[in-house]
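Following this line, the structures themselves.
What follows is subunit A paired twice: with subunit B in the first complex and subunit C in the second.
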Partner chain A sequence: MQQNGFTDDHLDMLRELMNIAMGNATASIADLLEAFGKMHIPQIMISDMEGLDSYIQQTIPNDQRNYVTKQLFGGLFSGEFLFVISEESALHLGHHLYDVDKPSDGDILDAVIELTNILSATIISRLTEELNTKVQFFVPSTERVDGNSLISQEDIINYHRIIIISTEMEFQHQNINGQIFILTKDGMIGSLKELIDRKLEELYA
Partner chain B sequence: MVTIPYPNVLLDALEIGVMVIDESFEIRYWNQWLEINTAHPASEMIGKNLHDFYPQIDYKVFARKIRTTLRLASPTFYDASLQNRFIEIPRTKITTSLLINMQLQVTISPYIVEEGLVMVSIYDISDLHELKLTLQSQMEKISELNCELHRDKMIIDANLLITKIDEECRIVEATQAFLEFFGYKKESVIGEYLSQVFGDVSVDFDTIQICDAIARQQKWSGEVKAVLANGEEVWFDTVVTPLNDDENGTLSYTVIFHDISDKKRIELLSITDPLTKLFNRHKFNEVFENMIRRRHWDENHTFGLIIADVDHFKRVNDTYGHQSGDKVLIEVAHVFSQTIRTGDILARWGGEEFVCLLPDVDMEKALYVAEKLRLAVEELHFADAGTITSSFGVSIFTPGDTQESMIHRADSSLYRAKENGRNRVECI
Partner chain C sequence: MKILVVDDSKLARLFLIKTLKELEPMAEILEAENGLIAVELFKQERPSAVFLDLTMPVMDGYEALKEIIKIDSKAQVVIVSADIQAQAQSTVLESGAKMMVPKPINSEKMLSVLQQLSI
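Now for the complex of A and B:
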């Protein structure tokens, strides 16, 4: 089966690389934030923006307020890293990282940024390292969003094809859950395919 | 790889603050931007602990961020939307500013990982942040205005009778109040011509005036009559205003209706004879005065006046009672109304006397109309009184005439008709 030039082999490889990256992320969070949790097996699909919107609607409950952090990353594999965490989970995260009963809005925002930093740095860095390419991270930004309208109408019109890599992060002890989306678009799909091809050659040559 | 011989020059030339610091917060490098903006020279800072100068920083968090940066060999960030999370740098902007301290974007990047050194880059994003704050404030105002607008719209929708019509007088929108007042559902009104919704009473006159104004793309105001879904006739004070639709460049019209039916009823009562429902003497005098004043009558264009009197009416009253007398007057008024021409003005003058103004007639035509009236009365039959007759006096306007002079001549003619045996038409 092919999805926009991606064969099952490509998708299997990407899934495998993502599993390694997720493991890396879990270990880093345990080490740096002293929170022990797990990452679910990532879902990987190629879609359009409407498909992404619909996927987000299914994944993120509409009746909760979320902190949505977006961080761009550049290089041969570039795109947008999206971390969505509910207000309640963010409060628990702020409480855990700042060690205060009632963390301020600033504490919570900074805690969310901190977790996103670790997640993006470990997952994307590991993924790009495995693909033998470099990555540049840009300043993340966080906003509070009511419900699950994470994608603007302008984005839906402008973008055509995107790869969605999504997973759920769960730290039961701290009562923290979040959703991770890695989005790359159009030209990057071909670029990623080439990088995976090279990796496959390297492994099976 | 080219080795840059003077990295300090490069770092000093940057329009950002750069410091190199270790895990215990000892400062190893402090660039020119920081020297200038913090008023702390590099010589004072290097080798010292950042905590001594900036104790307000949450060093537990800072340490964690440095550790993350070193462990992951990847940059970490402070949230750029927050204030006072890192060092405070006063803003030197003299002109209007929302910010006392610089809004900083802080990135902690790995420098020499093996030695536990990180580079902290500090960007002044105050202008951008101010724009964001201004935009947020404007958006909040817009949101408040939208709420007010929505509330006002709801009030208008529920209370005011307003329609929007297109250039062909077809209803495009209607308020809920309009729909409820007329007793129609939205789907049976939208797309219909205004005249259809207003019912037959308006077709010949009122809505035509509105549509004429629309054809001329002009504002219009006036009174219109309409029939509701339940058949009730109502009067509106109406204002039509052209409205340019910027989105698609078309012209539409808002029509605002104010129910003046009660006012109209009172107005009607004040000019109507309660028994015969004809105009009363007061209204007749007003119309008569206007007719003499407003039109330029000459020998070829003139108008007539008829005064009619029911013969022996006192006898009817005395013999059969006042109720029979009233029936005679009502029936005579009715038959007169049916006989006169459209545009003639008929009124009860008082008692058993009626008056009628006949625009654009000469003596011959006026006599003809009076004769028709006489014959119409003669043909009436009453259960009590049987048949009755009436006498008529006619006068025609001649230059120099006044209301009094015309009435005087018509009254004299009526007197002559009575003298000559009644049931006659006379003129002097």
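Now for the complex of A and C:
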């Protein structure tokens, strides 16, 4: 099966590299929370904006209120990192980190930003390291939105073909979980394919 | 000598097999893409060592490890996983794994693993 020049080998390699990156991130978050995180198999798909919208709707309930943090990253592998955590999970996160029954909105937002920083830095840095390239991070932004407002009109204009890499962060005993999406758009798909080709050449050499 | 390599990623298996073959060219390598197939292969083939991933569909590595140890309490199982949490390591060691090594495993690490196994 081929999607935009991506073979099953490309997708398998990307899934495996994401698995390694997510393993590092889960360990860092586990240290922060002093808890054990369950690892999930990453999902990889190549889609258009409608496909992304439908995928997000399947993954995140429409009526769920969420904290959504978006961070752009640049380099030969560039795109956007999205971390979505429900308000309920964010409350549990604040409760767990600050050890108080009712953390303030500010405390919860700080906790979400801290968690996202660790996730994005660890996952994207490890992915780019495995792809033998470098990354530059841009300033993230966090907002509170409904499940059906995760993708903005601006996103729809900016993206045409997208590689969606997604997985779940899950700390069952703390009732903390969130969804991670990495979106790589249009011209960068070719660049990413070249980086994966180099890894495949190393493997098959 | 038979070695069973278990991972849902074909490339991860290929990478591990390539590294193993550099050090143990005569080894017969068996492959499984999930824990369920791995347990069946273990029953039939009784490999000298098993390299087992944790996060897999159908049956994960934790469950497969328990099943393999039920079949042979002395089975030499090495967990090769992206999950580098201390608790994951203690869980698999308590369940009978000989050791746990983080992915990706290179030749140097593989040499050290093979030296520690009694195969």
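Going forward, the second predicted complex is superposed on the first by the 201 of 205 C-alpha atoms of A that agree within 3 Å, B and C clash if a C-alpha of one lies under 4 Å from a C-alpha of the other, contacts with A are read in each partner's own complex, and residues count from 1 in each chain.
We take it that a residue touches a chain if its C-beta (ideal position, glycine included) is under 8 Å from a C-beta of that chain, and two chains touch if they have at least 3 such contacts.
Note that the structure is a prediction, hence the values are computed from the model and not measured.
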Open item on the list: After the overlay on subunit A, what do you see for subunit B versus subunit C, clash or fit?
Closed with: fit
Open item on the list: With both complexes overlaid on chain A, does A:41 touch subunit B (first), subunit C (second), both or neither?
Closed with: second
- [ ] Look at A:117 in the shared chain and tell me whether it touches subunit B only, subunit C only, both, or neither; answer first, second, both or neither.
- [x] first
Open item on the list: To make sure I follow: the centres are taken over C-alpha atoms, the vertex is subunit A, the ends are subunit B and subunit C. What is that angle to the nearest 10 degrees?
Closed with: 150
Open item on the list: Tell me the contact category for A:139 with respect to subunit B and subunit C: first, second, both or neither.
Closed with: first
Open item on the list: Output check: A:98 vs subunit B and subunit C. Expected answer is one of first, second, both, neither. What do you get?
Closed with: first
- [ ] Return first, second, both or neither, reflecting whether A:15 touches subunit B, subunit C, both chains, or no partner chain.
- [x] second
Open item on the list: For A:32 in the superposed arrangement: first (subunit B), second (subunit C), both or neither?
Closed with: first
Task: Minimal inter-chain CA distance - subunit C and subunit B, angstrom - done: 14
Open item on the list: By the touch definition above, which subunit A residues appear in both interfaces, subunit B in one complex and subunit C in the other?
Closed with: none
Task: Footprint of subunit A on subunit C - complex, ascending - done: 8-12, 14-15, 18, 54-57, 81-88, 102-104
Task: Residue ranges of subunit B touching subunit A (in the complex, touch as defined) - done: 58, 60-61, 64-65, 67-68, 71-82, 85, 105, 107
- [ ] Quick one: which bits of subunit A touch subunit C in the complex? Just the residue numbers, please.
- [x] 8-9, 12-13, 15-16, 19-24, 26-27, 30, 36-37, 39-41, 130, 200, 203
Task: In the complex with subunit B, residue positions of subunit A that touch it - done: 28, 31-33, 97-99, 106, 109-110, 112-114, 117-118, 121-122, 125, 137, 139-142
